[in-house]
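Take a look at the structures below.
The two complexes that follow have subunit A in common; it is paired with subunit B in the first and with subunit C in the second.
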Partner chain A sequence: MVLFSVLTMIVAIALFSLRISAINFNRIAIIVLIYSGFLAYNTIYTDLVGSGIGVFSGLFQITAITQSIDVFICLIGALVLLLGENSTIGTGTSLKDGVTVKQSSMIGKYLPVLAEYPLIVLFSVLGMSSLISSSDLVSMFLSIELQSFAVYILATIYRDSESATAAGLKYFLLGSLSSAFILLGSSLIYGFTGLTSFEGLYMLCSTTTSNHAIEISVLLIVVGLLFKVSAAPFHNWAPDVYDGVPTMVMSWLVTMPKISLLVFILEFQGFTQLSNWSSWTYLLLISSLLSLMIGTIGGLSQYRIKRLLAYSTISHVGFLLLALAINSEESIESFLFYLIQYSLTNVNVFFILIAFGYLLHSRGLAPYSPVQFINQLKGQFQMNPLLGISLAICLFSMAGIPPLVGFFGKQMVLYSAVHNGNFFLALVAILTSVVSAAYYLRVIKVIHFDPYTVTDTNVVNKETVTTSSSLVIATLTLLLIFFIFNPTPLLNSAHLITLSLFYW
Partner chain B sequence: MPIKDVETPYPVIDKDPHFFRVVRYFRPSDYAALAAGTAAAPAIMLGFEKLNPSGPAKAMRGPLRLAGFLGAVGGFLIAYQRSSLRFWGWEENTAEVEKDKAEMAQRIAEGKPLYGESQLSPYLQSVAAGNSRNAQLKFNAIPWFNFANHDQHGVEAAKYNETQ
Partner chain C sequence: MFSFLRRTVNVVGESSLKALRMDGLQGWQKELPMFTMNTSKDLQQWVIGCDKDIGGFSEAKLEITPEGVGKFSGNLSLELPANTEIQQSGYAAIRSKVRPSSMFGTPCFDTTLFRYLALRVRGDHRKYFVNIQTDGVIQTDLYQHRLFLRNPGEWQTVMIPFRDFVLTNNGMIQEDQIEMMRERVKTVGISITDREDGPFEIELDWIKAMNTETTEGDMDRRPRETTEDEVDFTKSTH
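== the complex of A and B ==
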């Protein structure tokens, strides 16, 4: 579905971009993702798929995890694309003295959606969907590149922005370096074994004694993957890139590629268990420890909101890697749960930030839009209490404060860490979680308790947040709060998917 | 690549059915899914426009057509997937089993090959089968159909002789 839609949209953009506006291409991409998610959902047969079914001559595989995560990717992708609806602000019509007039005062003042944006997003989704299903070194590398090229282009898609172009170039260069690591690891594996299919490699590793050459090759691949998920110590590009690109693009870059890459690492690491490679576990544990510490300490000194969120992401990747490294039924369940809840919370934060930016703009505070500095949110609670509270709930959830969903994510990861005997890392995770709460609380303090100092505002438009944004923010925020009343569907789903990984 | 033997709850009709066979075996509910898919996409577009108006109503003609086209493709893929799941025996398929028996019996009576004639070598037939087998499970990303008359359908041809 996604591939066909990509081809159709390439033709449609070339032929009909004058007749079909960019926002409508964006909406069509959302619909495509909904259909695609339904097609994936339609084939979740945990008992029949079992340990996996090969497709396309074994280049890809289908498991309960791939299908479930495909549905999740499509859902989150559609949500992130909904951010584009903000560009409709002021372009609608309204009735004035019985005559329909166009609300043109705000047209062109906001970041518009480009027709190519949803197209590149679909390319990215195609890469993600392929990556989580890949079961061959060739399909793995091609999927990673398809996904990565799409996000490099996304980073630079607003070419008028100098910071976005610089960020995109940095992303491209460092992303290429990580791809080179993956390619080197893949070619070494092929050189040592003559195999490219994971199936063949699994069989080889399960029958031979420890082979350091293959082990080193696999570690090179995982270093490349850790680079791409911005795990410490390979994280340096992330704050610069995320800060440089527009917020709408950042929401995609921060949320989406991580889901597919981390799920791929999850599926790939079954391989390492066959040979009991301790180096794999240590690499993930060290990266987790560093991500937790750097993400927390680095975030403390940030005054730019997007850099703060970038460091927050690094810290959360630390939690996810900790769960991955433990690799028990409990930890994988916690990994999936954490990934789902963190992605949803993150998307909500971006919706709220962008909504703040639009509202500040509509009050004549154009320099404050988009929101760049934490201080620009001073006293916004007085102006937009609901948005302020929603952001506070998201940040509390990220900080792991009960009874919000983020608390349960952290609790599950920590429980599995302690259960597995990783007391030191569990302690570090708790401490970093407490420290990181400081920078989340700082944002909450600025919004809720700092005085609203700007007095010379000129309300240029009474536009509020778009209906779709309000709907998404309200739904996700309520989900974070009320998860505690009915946690069974999400927890059971994560549990079943995990069991399918371990017991088939 | 070894072919995984899946224990299905219903009898297997064909593990890699030809495109036209899958379409011929569509049930009315599959056509309903196709129609619903075709209608839903423009409806969602109109819903978006209602929520956040983006321009004059006449500017919606092009987007609605494109959404309708992609919706029809999505609806077709859903219908095709549902029909394929019945061929594989993953879903209830009593009607299809009977239809298959009748079709194959007729082919045997007419002296035609069960799965059509092919000019491909056995190797290329296995390549074609390997590419299209179970591809319906990945329809969400890559639509891939079986257009080759290969000989790898995962069922014993002898069973059709027994039914004669």
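== the complex of A and C ==
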């Protein structure tokens, strides 16, 4: 479905982009993604799919986890594309230097969505769904490249400032480097074993007790994958890149590739673990420890909100890698749960940031990333209390404060870590959560408690946020709050997916 | 090799200190000192060039005066060099050196939170330019702005907003003016290319990135002197 829509949209944009405005392409892409998610949901037949079906002669596999995560990717993709619906439909007029200015003259300020943006997003989604269902080294590499190329183009598509171009170029170069690592690792695996299919690798690894060749090649592939997920010690590109690209693109870069790559690491780990001891555990544990520490300490000195979110992403990736490293049934369940709730929370934060950006009518703001500094959000609680409260709830959830859903994610990960005996890492995880709460709380303090000042470049704005944005923000925030009253859908889905991984 | 590692360790140490001090909470800063020209050690941070490199006849030198300020002076000559391909001549410039890099890249100045580039200069009637080079993608991109001197012959502090710098490349103003990457300001320099024969002299004391009381980077702020029972412009919602 996604492929078909990609082809259609290429033709449509080329031929019709004068008649159809770009925002409609965005909406078409959203509908396509929702429909693809629905189609993927239709094929989750746990009984028929069983332990998995190989398609295209073993290049791809269809299992319960691939279909479920496919649904999730399509839905989150549709949600992130909704960020493009960003023309505020303020019904009032604004006061500017004592002269009432009608709404239409403000429209030029809002960035037009490029028609190619949803097309590239669809390419990326295509790559992501192929990646999680890939069952062969070749298809893995192809899917990674498809997903990554689309995302490189996204990062460099808005070239209005030097930092944007530098960030896009840096992302492209480092992403290509990591793809090269993955390619080297896979070619080494093929060279040493003569196998490219994961099933063959699984048969080989489960009957071998130690095989340095496979371990070295797997190390290279893991390094490449960790690069792309921005885990420490390969995280250096993430704050610079996320800071430079526009906020809309950043929301895509932060949430989507991580979902597909982490789920792929989960599957790949299952296929290449040696029978008695595997270096996977140590690799992921070291990376998790470093990510947790660097994510927290790095975020403390930031005054730019997008870099702060980048460092917070790194620390959350640390949690996810910890859950992956343990590789027991309860830890994988906690991994899936954490991934889902963290992606939703992250998307919510970006919606709120962009909404704040459109409510701040100051001169000299970059049009594509209006909110760059934490201090720009000073006192916004007084202007729009609900947005301030929603951001506070999201940040509390990310810090892991009960009764919000983020707490339960962290609790499950830590419970499985302690259950498995990783006491030191569990301790580090808790301590870093507390420290990272410091920088979340700073943002909340600036919004709620710093005095709101109207200087001569601020206008008293009576704008309201678009209906679609406010609907999404409200829904996601309520999901965060009310999870505790009805946790069963999310918890049960994560549990069932994990069971299908472990017991078939 | 070892100085590279030493610089890397220094960068790690400095950024950890910054993180532990939670520098993001610092709030408004008035100025960021970038360069001073008071001792001969400061002089080594700067390079000087003039059209002698292409065979021209100008002269330029950079020295520290007995008063302890830097002086960039010389004689611009518009005579064309022997090379017949060159159609214009007569330029001189000083620029700060690119500092040695560590594993984390070249050390640059983060001037995002400052609105103005301030220079304390005493110049003459000639027309000077201020040039900023950033650590961006294209290394020959230079952001330039005229150094307007209101009182030639007297000391003055010139404040130029970072927003007003114009992107040029190899002397040509670029059509797509993109925003400067203010968080990676690599070098600052002064140049003179005003197509006039004759001597020039400009003295330079310091270069800083500055804010005024009402600015914080590109944002505005109310000065802290106002008391708490000042009128607050918010609605009466609390």
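In this section, the second predicted complex is superposed on the first by the 462 of 504 C-alpha atoms of A that agree within 3 Å, B and C clash if a C-alpha of one lies under 4 Å from a C-alpha of the other, contacts with A are read in each partner's own complex, and residues count from 1 in each chain.
One rule holds in what follows: a contact is a pair of C-beta atoms (placed from the backbone, for glycine too) under 8 Å apart; a residue touches a chain by one contact, two chains touch by 3 or more.
It should be emphasised that the depicted structure is a prediction, and the values quoted were computed from it without experimental measurement.
Once the two complexes are overlaid on the shared chain, A:124 sits clear of subunit B and of subunit C alike. In the superposition on chain A, contact is made by A:374 with subunit C only, not with subunit B.
When the two complexes are overlaid on their common chain A, residue A:85 makes contact with subunit B while staying clear of subunit C.
Between subunit B and subunit C, B contacts the larger number of subunit A residues. When the two structures are aligned on the shared chain, A:313 is found in touch with neither subunit B nor subunit C. In the superposed model, A:34 lies in contact with subunit B only, and not with subunit C.
Contact with subunit B, but none with subunit C, is seen for A:74 once the two complexes are overlaid on the shared chain.
Those residues of subunit B that touch subunit A in the complex are listed here as 1, 4, 6-8, 37, 41, 44-45, 48, 51-56, 59-63, 66-67, 69-71, 73-74, 77-78, 81-82, 85, 90, 127, 130-131, 133-144.
Those residues of subunit C that touch subunit A in the shared complex are 15-16, 18-25, 104, 112-113, 134-137, 141, 163, 176, 178-181, 183-184, 214, 216-222, 232-235, 237-238.
Residues of subunit A touching subunit B in their complex: 1-5, 8, 12, 16, 19-21, 23-25, 27-28, 30-32, 34-40, 42-43, 45, 48-50, 53-58, 60, 62, 67, 70, 74, 85, 88-89, 91-93, 126, 129-130, 133, 197, 199, 466-468.
Against subunit C, the residues of subunit A that register as touching in their complex are 159-163, 165-166, 169, 236, 297-298, 300-304, 308, 362, 364-366, 373-376, 379, 382-383, 385, 438-439, 442, 451-458, 460.
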